[in-house]
Amino acid sequence: MNKVAIVGASGYSGEELVRLLLNHPHAELVAVTSRQYAGQTLAQIFPRFANHPKAKALRFTEPNAELLAKQAEIVFLALPHGVAAEYAVPLLKAGCTVIDLSADFRLKSAEVYKEFYAHDHPAPELLAKSVYGLPEIHREQIKKAALIASPGCYPTSILLPVIPLVKAKLINPQSIIADSHSGVSGAGRKAELDYLFVECNESVRPYGVPKHRHLSEIEEQLSLAAGTKVIIQFTPHLAPVNRGILTTLYLAPTEHFTDEAGAQALGKKITACYARAYANEPFVRLLEGKALPDTKNVVGTNVCEIAWRLDPRTGRLIVMSAEDNLVKGASGQAVQSMNLRCGFPETAGLV
Amino acid sequence: MNKVAIVGASGYSGEELVRLLLNHPHAELVAVTSRQYAGQTLAQIFPRFANHPKAKALRFTEPNAELLAKQAEIVFLALPHGVAAEYAVPLLKAGCTVIDLSADFRLKSAEVYKEFYAHDHPAPELLAKSVYGLPEIHREQIKKAALIASPGCYPTSILLPVIPLVKAKLINPQSIIADSHSGVSGAGRKAELDYLFVECNESVRPYGVPKHRHLSEIEEQLSLAAGTKVIIQFTPHLAPVNRGILTTLYLAPTEHFTDEAGAQALGKKITACYARAYANEPFVRLLEGKALPDTKNVVGTNVCEIAWRLDPRTGRLIVMSAEDNLVKGASGQAVQSMNLRCGFPETAGLV
Amino acid sequence: MNKVAIVGASGYSGEELVRLLLNHPHAELVAVTSRQYAGQTLAQIFPRFANHPKAKALRFTEPNAELLAKQAEIVFLALPHGVAAEYAVPLLKAGCTVIDLSADFRLKSAEVYKEFYAHDHPAPELLAKSVYGLPEIHREQIKKAALIASPGCYPTSILLPVIPLVKAKLINPQSIIADSHSGVSGAGRKAELDYLFVECNESVRPYGVPKHRHLSEIEEQLSLAAGTKVIIQFTPHLAPVNRGILTTLYLAPTEHFTDEAGAQALGKKITACYARAYANEPFVRLLEGKALPDTKNVVGTNVCEIAWRLDPRTGRLIVMSAEDNLVKGASGQAVQSMNLRCGFPETAGLV
Amino acid sequence: MNKVAIVGASGYSGEELVRLLLNHPHAELVAVTSRQYAGQTLAQIFPRFANHPKAKALRFTEPNAELLAKQAEIVFLALPHGVAAEYAVPLLKAGCTVIDLSADFRLKSAEVYKEFYAHDHPAPELLAKSVYGLPEIHREQIKKAALIASPGCYPTSILLPVIPLVKAKLINPQSIIADSHSGVSGAGRKAELDYLFVECNESVRPYGVPKHRHLSEIEEQLSLAAGTKVIIQFTPHLAPVNRGILTTLYLAPTEHFTDEAGAQALGKKITACYARAYANEPFVRLLEGKALPDTKNVVGTNVCEIAWRLDPRTGRLIVMSAEDNLVKGASGQAVQSMNLRCGFPETAGLV
């Protein structure tokens, strides 16, 4: 059993990490920190876990990197951006593996970070060492990483369906339009008017148009896959569900087609491309037949559903994905990375 | 007071028509038909209207065109496609004005109708006479029309924001991508598993990809505006709200821009274009400042909200609209057409 | 046109008052105050009203009793309890009619107020002068009142179905159990974690058990009706809807019955009792046949639905009511009182 | 590994059984039947399980008792009432253990069955042999039962909090009032207008007043606990959540109390009573301090939360419970019974 800790365990991602780690066959949750809840037990703060034997014993503590480094081998950081470095630096020095769920170590460039996050990067020297924790793309690097930057929720829902197509040069990487709808937990557990029940229920709305922060990591990863700088269009929306992201992608295939026959020919290549990429992936589900992604089919799981359609009327490829923003889009994926890093079965604790 | 009747008043659009017409200052609702509810009062079937003085007196009847023609001057048809002609033909002959909420008279071409609706058009001779009931675009024709084909919900949410841009040649009409999320009432009051509460709640999902029926009328109207045949991309989704459509449009401006200065120059033209088109329209709301459309701000009203952003990173124009699919997207717009046709103030009964 | 003002127009009740008063045929909304939004227009803060001609002209101001007294004849106070007196005292002195939506003037006893609201009453001298603004019960007094204390949302949903039974001595007033479920707008527009979308969606939960503040006014009004001190049981719950209260009441009839025949005999008396009380009331709907109350049938209206069943197995009377907590339970009822006070038709602006 | 089958696996309870049994450490799901889906795989019908290795291999079959008896040792019946006997009789004869989720074997009396279910009991000879599968109450009998009648969802939420109080004679068993609000999955996966998204969303409503079918089993079990015939009051409501039942119980303690001191004295007895009954139960959570039940804290788990308050103003005891109607209220509890019957750890596959 590996000893693990969570710093910042009181938000929605932190809570989901608690859920996954309490039931993980190879990990022992030894510490959870929260300034706000220090002194209280997991059972008090998260009643849904209260029947777990450990929930009454484990108490939130004030975050203390030195102490955490003594208690745990793996430390998950579920903190706002800009704050994670404060813990990452000493924990790495002390030899811990750090899996950060914030945006702080996802980019290679401190300049791009500043452009999108509007403050200087707190530990630019770590950017070169961190690994982007998208296991389907960077599995081998994750296995050896000391600092894993777990991807954002929107980026995961976009990168998983797009990267194989970009790598196979089946689409023009500069053509990408991503239209995403996220559940409200994506906004975090923050006491703000905009996220009150009455403000979100019976509401569908865009936000962060046209330059959402997640563009930075999406474009960096796509540029890496394409071998050239990629700029994309991305529009996030808020939908009245607790969890789930549905992304619809509009892509320009490199091969032109104008009829059903052309669509079928290209379709075979796309089918083969996705099969090569994901047929053996435990957490990507390639839909078949008439099935289309639906957030309700992935909520609570670490799975990303993908389906696609070619439109001979427009010559475009439409790809759709669905994931749980808190699982494959955050905490589940972080645990998947931990499994890889620690040599556990990749699906341990995730099915 | 003009005498009006509703054929097929038991679905969601029919119910919304009842609501609007019961409270209309210049219309008297004299007949409502429903095979299913014949003999029952409005109050029994729609408890929410039960306190209206007329709701206990007015009973649903079996639909009978001959009788309706004697009772009413204006007849609204809220029937499934393929069925409306059966009533439209005799009602028009008898001199009634017919406002049809189905898709049957929205297209000029019986072939396109057959391509998208998969059956022969039941009354192709009427297609040339019908007027597409989008008041902001076809106001003058509506005033004189005997047969008004009230637009579909998705088309309204797409055509209102796009037509002024196309007419002003500010965008390439072949570039249009429309991503729409609709409330579940858009699927109608049908006892189908797919629309059960448990199947829709906590679910966001696409459907009808890539060739939804509404494409036919959207493309016909855009072609008319552009003066050339237009093909667009359109993806409908289902969101867990009762009412509302949020549409996000991805458009390629004809004027290229790559920086903030270019965006500002083009932005002035777009502002002017929308102002010319809609500054005096009572039911189009051009959002200003940081405001973005939100379905909750239009539900229950006949308003379509529009906002836009230029993205200097991609050179695209993003336009977003929100409407109530049952009001501006169906029954409210039909009443707006009635107001025009009858010479009532255009906003009568709609504010 | 009477000139009216709203103090504290930025909460959910205030917003609903704005909606009703903007469209009222005999009232002119001349001032809206809000510390938070002072300087901004109605259109900016409440986009849903933006198409109303007055919404762009009317700006929120800092609340100032002296100024308000010059501008308006009727002033609605939509403020938290404990604060209303600060405005009520000077406004009344200046000759305004004050309609207060807070709890501050609903009770006759400053001691009971302190017991339930945990602070001294700020203006106990006004308690004797205020009238409890439940029009169906206190219509004549409301017509002459300078200070109207508009009832709470839960109290309205309980008092309307229970008072006629108590007055007719058909039930034992000490037997009353009220189980209520309210939509989340009842908690107000407050940035608190408990009312976030994710915390309320997919959640049904009781709160304030067993001594909710509204008990004080419910019991005072029931005691008045019964002619003796009445103590009741009341449990509020939160349900994931924006608006609506569904109350289920468990009552012990004074007449015992143990079979269908007994139930029918008693049922006739109950039917007659409710008919006497409400047959001509425009805003109480007595359901017939198999119909039961449903919040969705009253949302957006000023109607309270009532149905009842006698249970020969237990000898109990079950009464159920549904209302919109923001309309009949707050702002609609306040406007109904204004209509009475000003001599307008009681339903003006409410249908 | 015990071989298990599910007859009628296409409803919501059936689907939840599939979820639990696919992941059960000691059970192997060998057959699932469904007339509607025969021939299709689990993965096709329930996409959310599609990543489970067995989901693509296991196909729905037509139900055939003879065949099932050869395949499985334990057979779960998730069928409508009136139909279960058709399978139970031959399966029991063939030596299978049958766990029935319908109401068919929950009562001891065929007459009461007919009174509440409006048809003759299809296999009255089995009533004496069946065991009511509420493990916290009938654990020892379940261990030896061939036919286990798994309790209804509402009954579980009422019996668990009430039985210990009745047995300890702390309450008057004739005083019980149960007010329950259920998620819409409780109505089953049926294509009926009443359960459409638009009809349930933004709606809270009672139904089945005053004589719901579940009264029969609740009263039989309470009578057994009390040693005398018990009649109770029960009102079910529908709330717009997918899952969860929140029950609020109004009870008359046998010990009178009129002040805080009396409440504390009685409170100690209630605390002790519940602790004796449930302190060691893995699936009952006795809430402490200010915590009250909330359906969101139990959804997806086999836990029933219980809290209570004494009201010195009325002398009543208010008890509240929350459960997931599809887990502790149906399929989870059925698996718990299977665990007992088969000698597995009681919590196997349920945490």
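Each chain carries a letter (A, B, C and D) given by its place in the written order, and its residues are counted from 1.
Simple rule for what comes next: a contact is a pair of C-beta atoms (placed from the backbone, for glycine too) under 8 Å apart; a residue touches a chain by one contact, two chains touch by 3 or more.
Worth saying up front: this structure is predicted, and the values here are computed from it rather than measured.
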Centroid-based (C-alpha) most distant chain relative to chain C: A
Of A-C and A-D, pair with higher C-beta contact tally: A-C
Centre distance in Å when chain A and chain D are each reduced to the mean of their C-alpha atoms: 37
Rounded Å distance between chain C and chain D, as computed from the means of their C-alpha atoms: 38
Euclidean distance of C-alpha centroids - chain A vs chain C, Å: 46
Where chain B touches two or more other chains, by residue: 199, 201-202, 240-242, 294, 296
Residues of chain B defined as touching chain C within the complex: 23, 47-48, 50-52, 202, 282-283, 285, 287, 291, 294, 296-298, 300-301, 303, 305, 351
Partner chain B, residues of chain D touching it in the complex: 12, 183-185, 189-193, 195-202, 240-242
Touching residues (chain side chain A, partner chain B) in the complex: 177, 179, 181, 199, 201-207, 209-211, 231-233, 235, 237, 239-244, 246, 248, 250, 292-296, 299, 309-311, 313-314, 316, 318, 320, 322
